[in-house]
Amino acid sequence: RAASVRIRGIFETPMEEPFVTQLHLAMTRLAKEADLDYKYSESVKAADFSRVLRQWCEEGVELIVGDAYGTEQICRRVARNYGKTAFTMGSAMGPTEPNFATFYGQNYEAAYLGGMLAAGLSKSGKIGVVAGIAVPTTYGLLNAYRAGAKEMKADIQLKAAYIGSMFDPPKAKEATIAMADQGVDVVFAERIGVIEAAAERQMLAIGNMTDQSAINPKVVVSSVIWDPYPVLKEAVDAVKGGKFAATDYSKLENIAHRVNYLADYAALADKVPAEVKAAIEAKSNDIAAGKFAVTYEESETKTD
Amino acid sequence: MADDTPLLTLTGITKRFGEVVANRDVDFALRPGEVVGLLGENGAGKTTLMNIAFGLYRPDAGTIAVAGRPAVIGSTADAIALGIGMVHQHTHVVARHSVLENLMAGLAGRYGLIDHTAALARLAEIAAAYGLGLDPDRLVGDLAIGEKQRLDIIRALFRKARVLILDEPTSVLTPQETEGLFSAIKALKTDGVGVVYISHKLNEVRAITDRVVVMRRGAVVADAVNDGTLTNAGLAVLMCGHEPERITRTPHQTGAARLELAGLRLGRGTRPIDLKVQGGEIVGIAGVSGNGQVRFAEAIAGVTSPAAGTIRIDGKAVNAASPRRMQEAGLAYIPEDRLGAGLVGTLPVSDNMVLSRFGASPFAHFGWLDRKAMAAFAERQITDYDIRPPDAKLPIGLLSGGNQQKAIVARELALKPKVLIIAQPTRGLDVTAIAFVHRELMRLRAEGCAILLISDDLDEIFQLSDRIAVMYESAIVCAMAVEQATVAGIGLAMNGGAVEAPA
Amino acid sequence: MRITLEPRPPSRWREVLMPFAAIAASLVLCGLLIVIAGANPFQAFAIMGEAAFAGKFAITETVARAAPLVLTGLAALVALRTRFWNIGGEGQLLVGAMAAAWLGAREDIPVPLLVPAMLVGAALAGAALAAIPGLLKTRLKVDEVVSTLMLNFIVMYLMMALLSGPWKDPVTGWTDSPDILMDAEFPVFWAGTRLHLGVLVAVIAVIGIGIVLKRTSFGLAMKVVGENPKAAHHAGLDVGRITLFAVLLSGALAGLAGAGEVGGTQFQVIASISPGFGYAGLVVAMLARLSAVGVIPAAVFLAAITTGADEMSRQTGVPFFIADAVQGLSLIAVLVAMTLARYRIRWRPSPKREAAS
Amino acid sequence: MSMLDIILDIGFFAAAIRLAVPLLLGTLSELVAERSGVLNLGIEGMMLAGALAGFATAHVTGSLWLGVLAALILGALIGLLMALLVVILRLDQTVAGLGVTMATTGLVFFSYRLGFGESATPPAITPFSTIPLPLLSDIPYIGPVLFNQYALTYITYLLVPALAFFLFRTPAGLALRTVGENPKAAAGVGIDPIKVRILALMAAGALAGLAGAYLNLAAFGSFTFGIISGRGWICLALVVLGRWKPFACAGAALLFGAVDAFQLRLQTSGSVDLPYQLFLALPYVATLIVVIVNTRFAAAPAALMEPYDPEKR
C-alpha cells in the first residue's frame, strides 16, 4: 500500500453538511476507483485546523482536500509552508501558486435551472429559499436561482430567509412555514429542515447540493446538484502524474462538466409540466454548449 | 397519670461525629404527662440525643422504643408518625411561605390535595386548648423571632405530638412569652403529653420540670426527680464536675469618655441612642435577643451604617465609617457569630490572626506578604493565649469553639484597642474558656479600654459591668450603675417595662 | 437505604493523588467507549499519547493548543477565588480577539508597538466586558451565573453581526475579519513550530498569578473574600472592590487568550475562533483544583485529549466526539474525587428492612 | 408586508407557539429543579439526550410514542446522575451542571455516529403531524393558532396548569417548595429533602428530555448536531423571567417564541434591513435586563444552589 497516493479530507462541520457530504462521497468513490489511501477529519474546529493540516503535511501526504471557507488564512499559510503537499480546497479567493488549487463549491448554473423549475411549478407566483448564513457565495447561488425563475416567469416573487447558522433544522422549518403562510408554494432547500416543513404545508421543494429526494420523495421535485467528483478526479490525476498546479477548478464547476446538474425528477416527474421540462432541458443544453451564460452575482439576495 | 409506660425510651444510644463522641451509651426515658429537663454543658450531646429521637441523625448504636414498643426511626417522617415533635434550638421555618403553608408542609392532605379547612380548624383548636395562636395568613418572614418559635411549637402540636422536644426554647423569648410557653406546657401535661425541656437557664428548669437528666461529655451523669431540693450550684457541679470559677470585678477609677454615641439611630423608625463609655469602664448591654443588639454593634463597628447619628472615639467624630476606618480609629469588634463573621474557617490560624491587618506593615510591604512575620506573630499569640492545638497552620475551623474565641480575642486585643465591642463573648464556651475570656476583659478594663459588652446572659452582665444599659426595640431604654440595678428591674426593662432610672 | 457522607481525617497524599485517580477513572470510562466503538482501547490510548506527545511536532502543537486553555483556566480560577462564577470567559475571549484583530490591522500604530498594543487592548477589552457582570454583582447583587452566560451569547451574536457587516472580509466576503498586518503576527520563538508569543504570555501569566495568589496581600484578600465575605467585611476588607478587581483580572486573562488566538494562530477573527475555550477554562480550573500551577498540566491534559483523539479517531474509526465526552467525564470525575478525598460515603441499609430481617 | 401585518397574521401566532413549546417544556423542567433548590445547568445536555433517545427509538421501533417514552426515561436517568452529583455528593451545582452538559453532549454525538454512521442523507422518521382538535380548531383566529398543533403541544398546554396545581394545591408541591426554600425546615416536618430533590431532578430531566424529543419528533424528523442550539440556556433565563411560576414561565416562553417567529417573518417580508444577529441576541439581552431589574434573588427559591447536608448544624 505504500505506493498508493495518500489524500486527506478536512471538514469544519460534521459530515451531514451537504457540501461536506458531497466532497466525502466523491473522495470515497475516487479512492475506490484509483486505490487511494483516503482518510478524513470531520468537525475540525478552527483552532485545530492548522495542526491537523500541518500534521498531514509533515507526514508527507500528497493531497489535501476540504473546505477553506472560514479558515482561509490558516489553510493558505500552511500551504505556503509545505510546498510539497498539494491542496485542493473550497475557497472564495482563488488559487495560489504553487500548490493551492481551489474550487468554489458553486452550483449556480444548476440553481438557475432550479429557479426555472420553481417558477414553472409555482401556482401562487411566490417562490422561496431558506438559506443558512448570509454570505456572498450563498448570494451568488440565490441570485442565479432568482434569475432562472424570472426567466421562466417575469413576475415571480422570491422570498429569502437566513436562519443564521449552518445547522438549526427546526428553525429552518419554521422559516419555511413562515413562507408558506405568506403564499410561497415552492421552496428551495438551501439548508436542512426545509423539506420537512414543505411536506407539512403541501409545498414542493427543491433540494440543494445532494439529491435530497430520499428525504421525502413526495415533496422534493428535484435537487440542484453539486458533485465535485470531476474536480477531484482532475486534482488526483494531476498529483499522480506529478504535474499538480495551483489550478482554479471553478472552471469545471458547471453544467458542461457535470459538476452542476439538476437531479432527476424522480417520483414527481408528472407534476412538472412538459413545457417546463422542455425549457429546462433546452436551457441546460445551451449552458453546457456555452450558448448561454448564467450571470454570477454576489450582491445580497433580498426578498422581493 | 393512669399509664406509666414511657412514651419514649432510648437505650444505649451512641453517636459519633468523626472523632467526637457526641453520645456515649445513653439511656433516657420520658413518661406521659412528664416534663424532663435535659441539662449539660455546651457540647454535652443534648441536641444530638434528641435529634436521634427525632430521626434527624442515625445513632451508631442503641435502640428506641415508643410507647413501649420497639420503634425504627429512620427519618423525621417516622418520628412524626410515631407522635414525636421537636422544636429546634434555631427555628426552621420558610420565611416566604404563610403561617398556614408552614404548618401544612409535610402533611398528607386529603384526596391528594392540601386541606385548608381542616388545617384552620386544627389551628383554632390548638389556640383554644393551649393559648398558642397565630394569624394563618401572615408571611412567616414578617413574624418576630418569638412568634416564629411559637409557630414551631404549634407545628409540632398540629401533628398531635405525644412527645414534645423543646431545645432551648426560651433563649429567644421575652419573659412574658416564656410565661405563655410555661402555661402551654402545663396544659400539655394534663393532656398526657411528655415534654423534653433542654435549657441552660437553671431557674427555668427548676420551675417547670418534674425530673432532670444531666449529661456530660456525651454520657448521662445524673437523673434526679425535681422535688424542690435541687439548687443551681448543685446542678452546675453535676454538669461541669466542679464549681465554676468566677471572675469578679474590683471597682476602680475610670477615665474620660472614649466612646460617645449621639443620636444614633439603627433604623428609620427607631429611637435615637445616646451613650458614653469611659476608659476603664465596661458597659453591659442587656436585652432579649432580637432587639437590635447585632445591628447596634455592627453600626458602631462600621459594618453597617446607622440611619443617623454620630460616633466619637476619644472625642473625634468618625463619620461615614467602614470597619477599616473604625479599626484605624482604635475600635475592635468581636462579633457574636464567630465562625460566620469573625473568622475564615478554611484558612489557617496564622492568616486569621491578622485578618484585618495583613495588607500593611509589619505583615506586608508594598503589597507583598511577609509570611515569616505572620507566622511569628501567630506563634506568639498561640503561646500567650494558650490556643490548642498549638498549630498555626491548622485551618481555624477545626478548632473548638472555645479556642476559636480565644483566637479572636487574641487577635483583637493585639490591636491595643481604645474601644472594644464584644458580643456574646462566652456563648458556646465551657467554664474554663469563660473564665479565660472574663479575665482578659478585666485586664483590658484595667488598661483603660472602654468596653461595650453585649450579652443575653444577665449573670454575665451583672458580673462584669460597671454600668448596665438595656436594649429594647433597637434603642437603649435605660442605663444605670450596676450597684443601682436589680435583676428584676433590668428584666422588666428588657420587656419594655418602664424603669425609673436612678440618678 | 440512606447514603451519608462522613468527613475523613485530612490527608495530604489523598489530596495529591486525587486528580490522578480522577483522570484514571475518566480514562477507564473513555476506554469503555472505545471498546463499544469496536476498537482496542490500549492501542487507541497509545495512538492518542503518541499523537499528543511523541516528537517535537506533537509536543509543540499540544502546548500551543493548551495556551488559550491556560489563560481561560486562570481566568476562571482568579474569579473563583472570590467565589465569582465567571462563566463568561468565552465572551471575554471573543472581545479580546476582536480588540486584537482591530488593533493588529491598524497601519497607524508604530510597528514595535503593534504586538504590545494587541495584548494590552485585548486584556482591556476582556476586563471591560467582565466589568459588566462584576459591577452588576457587586453593586446590584445580580447573580453572575446568569449574567455572564447571557453575555456570552450577546457578544457572540454581536460579533457575528460585525463579521457579516462592517468587518466582512473584503476579499472573500466571508464572515471573517480583515487579516492582521504581518508585523502584528506574534513572533514564534522556536522556528518550525507554533510556539508563539501567546504561549509565553500564558506561562508568564501562570507565574504572575501564582505569585499574586500566594505572595501578595491582594491574593490573600481575594481568598478571604471568597471563603467568607462576611468575615472579610468585618475585617475591613472592601469586598465589592476586591471582587471587582478579581473579576477584571479574570476578564483580562480571558481577553489575552483571544489575543493569542488572533496573533498566534488565526491572524484574523473568524466566527468559530473559539471552540469553547472559555467554558473549558472552568474545567481547567477545577481540574487544577484552583491552583495556578495546576492550570498548566490541566490545560495540557485537555489539549492532549483533543489532539490525541483526533488522530486516534482517524486511525481507529472511533468517532472524534469522544474527545468532548472525555472532557466532561473527567470534569465530573475530578469533582467526585475531590469530594471523596474529604468524605467517605456510607451506605446505610434502611432500618425498616433491618428490623424486618 | 409591514411589521403589523406580520403580527396580525394567524400563521405568526401558530409559529410562535410551535417555537415556544420546546422552550416551555425546558423552562418547566428548570422550574421544577430550581423550585427544589437545584440550579440545573445540565439542562442543555438533557435536552440533547432526549432528542437523540426520542429519535433513535422512533427510528428503530417506528413508534413515535415509544420515542417520547425513551426521551422521558433517558432524561430522568441523567436527572438521577445530576442528583447523585449535587444532592448526594453535594458538589457545586454550577460546575456539576456544566460537566453533565459537556459529558452528555459528547456522548450523544458519539453515540449518534456509532449508531447511525455518516450517511449522505441523515436517517429520518415521519414526525408527528398536527392534529386539529374537533370543534376547537374551528374557532376563528384562536382555533387555527392554538388547536391545530401537535399532540405534544396539547400535552404541554395541560402541563402548565397541572404543574401550577401541583405546586400550589397539593401536599407534594408544598413539600417541593418547602425544600427549595429551606430544606432544614422541610426535614423538621418529616419531608426528606434529599428524596424530594432527587425526584425533582428526575422529573426535571424527564421534562427536558421531552423538550428535546419535541424538537425532532414533532418539529423536525431527524437528528442533527445543531438540534438544541442553546435552547437549554434560554430556558435557564426564561425561568427567571417567569419568576419561578408556571403560568408566568409559559408567558415568558411564548414571548420568546413570538420574538423568534417575528424575526423569521421579518426577514422574509423584506421590509426591514437590520442584521438578523441582533434579533438572535434579543432573548439574551431581554433576560439580562430582566435579571438586573428583578435581581434574581428577589424571587428565586431561597435555598437555590445550597447543598443540603442533613447532619450539618
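We just call them A, B, C and D in the order they show up, numbering each chain from 1.
The rule is short, and it goes like this: a residue touches a chain if its C-beta (ideal position, glycine included) is under 8 Å from a C-beta of that chain, and two chains touch if they have at least 3 such contacts.
Predicted model only: the values in this text are computed from it and were never measured.
Chemist: Average the CA atoms of each chain to get its centre, and name the chain whose centre is farthest from that of chain A.
Modeler: B
Chemist: Distance from the CA centroid of chain C to that of chain D, rounded to the nearest Å?
Modeler: The separation of the two C-alpha centroids amounts to 28 Å.
Chemist: How many angstrom lie between the CA centroids of chain B and chain C, rounded to a whole number?
Modeler: The computed centroid separation for chain B versus chain C comes out at 45 Å.
Chemist: Could you tell me the distance, in whole angstrom, between the mean C-alpha positions of chain A and chain D?
Modeler: 35
Chemist: Could you work out how far the Cα centre of chain A sits from that of chain B, in whole Å?
Modeler: 76
Chemist: Quick check: what residues of chain D touch more than one other chain, meaning two or more?
Modeler: Within chain D, the residues that touch at least two other chains are 109, 277, 280, 310-311.
Chemist: List, in ascending order, every residue of chain A touching at least 2 other chains.
Modeler: 42, 134, 164
Chemist: What parts of chain B, by residue number, touch at least two of the other chains?
Modeler: If we look for residues of chain B contacting two or more partner chains, we find none.
Chemist: Can you give me every chain pair that touches, using the contact definition above?
Modeler: A-C, A-D, B-C, B-D, C-D
Chemist: Touching residues of chain D toward chain B in the complex: what are they?
Modeler: By the definition above, chain D touches chain B via 169-171, 174-175, 177-178, 181-182, 184-192, 302, 310-311.
Chemist: Where on chain C does chain B make contact in their complex?
Modeler: Counting only chain C, the residues touching chain B are 2, 4, 6-7, 9, 215-221, 223-224, 227-228, 230-238, 348, 350-352, 354-355.
Chemist: Can you list the residues on chain C that touch chain A in the complex?
Modeler: My answer: residues 51, 57, 61, 64-65, 68, 160, 164, 169, 171-176, 179, 194, 261, 265-268, 270-275, 277, 306-307, 310-311, 313-314, 320-321.
Chemist: Which residues of chain C touch chain D once you look at their complex with the stated criterion?
Modeler: 3-5, 33, 36-37, 85, 87, 136, 140-143, 145-147, 149-151, 153-154, 157-158, 160-161, 164-165, 279, 282-283, 286, 319, 321-329, 331-332, 335-336, 339, 345
Chemist: Chain D touches which residues of chain B in the complex?
Modeler: 17, 56-57, 75-77, 79-81, 86, 88, 92-97, 101-102, 104-109, 112-114, 152, 155, 159
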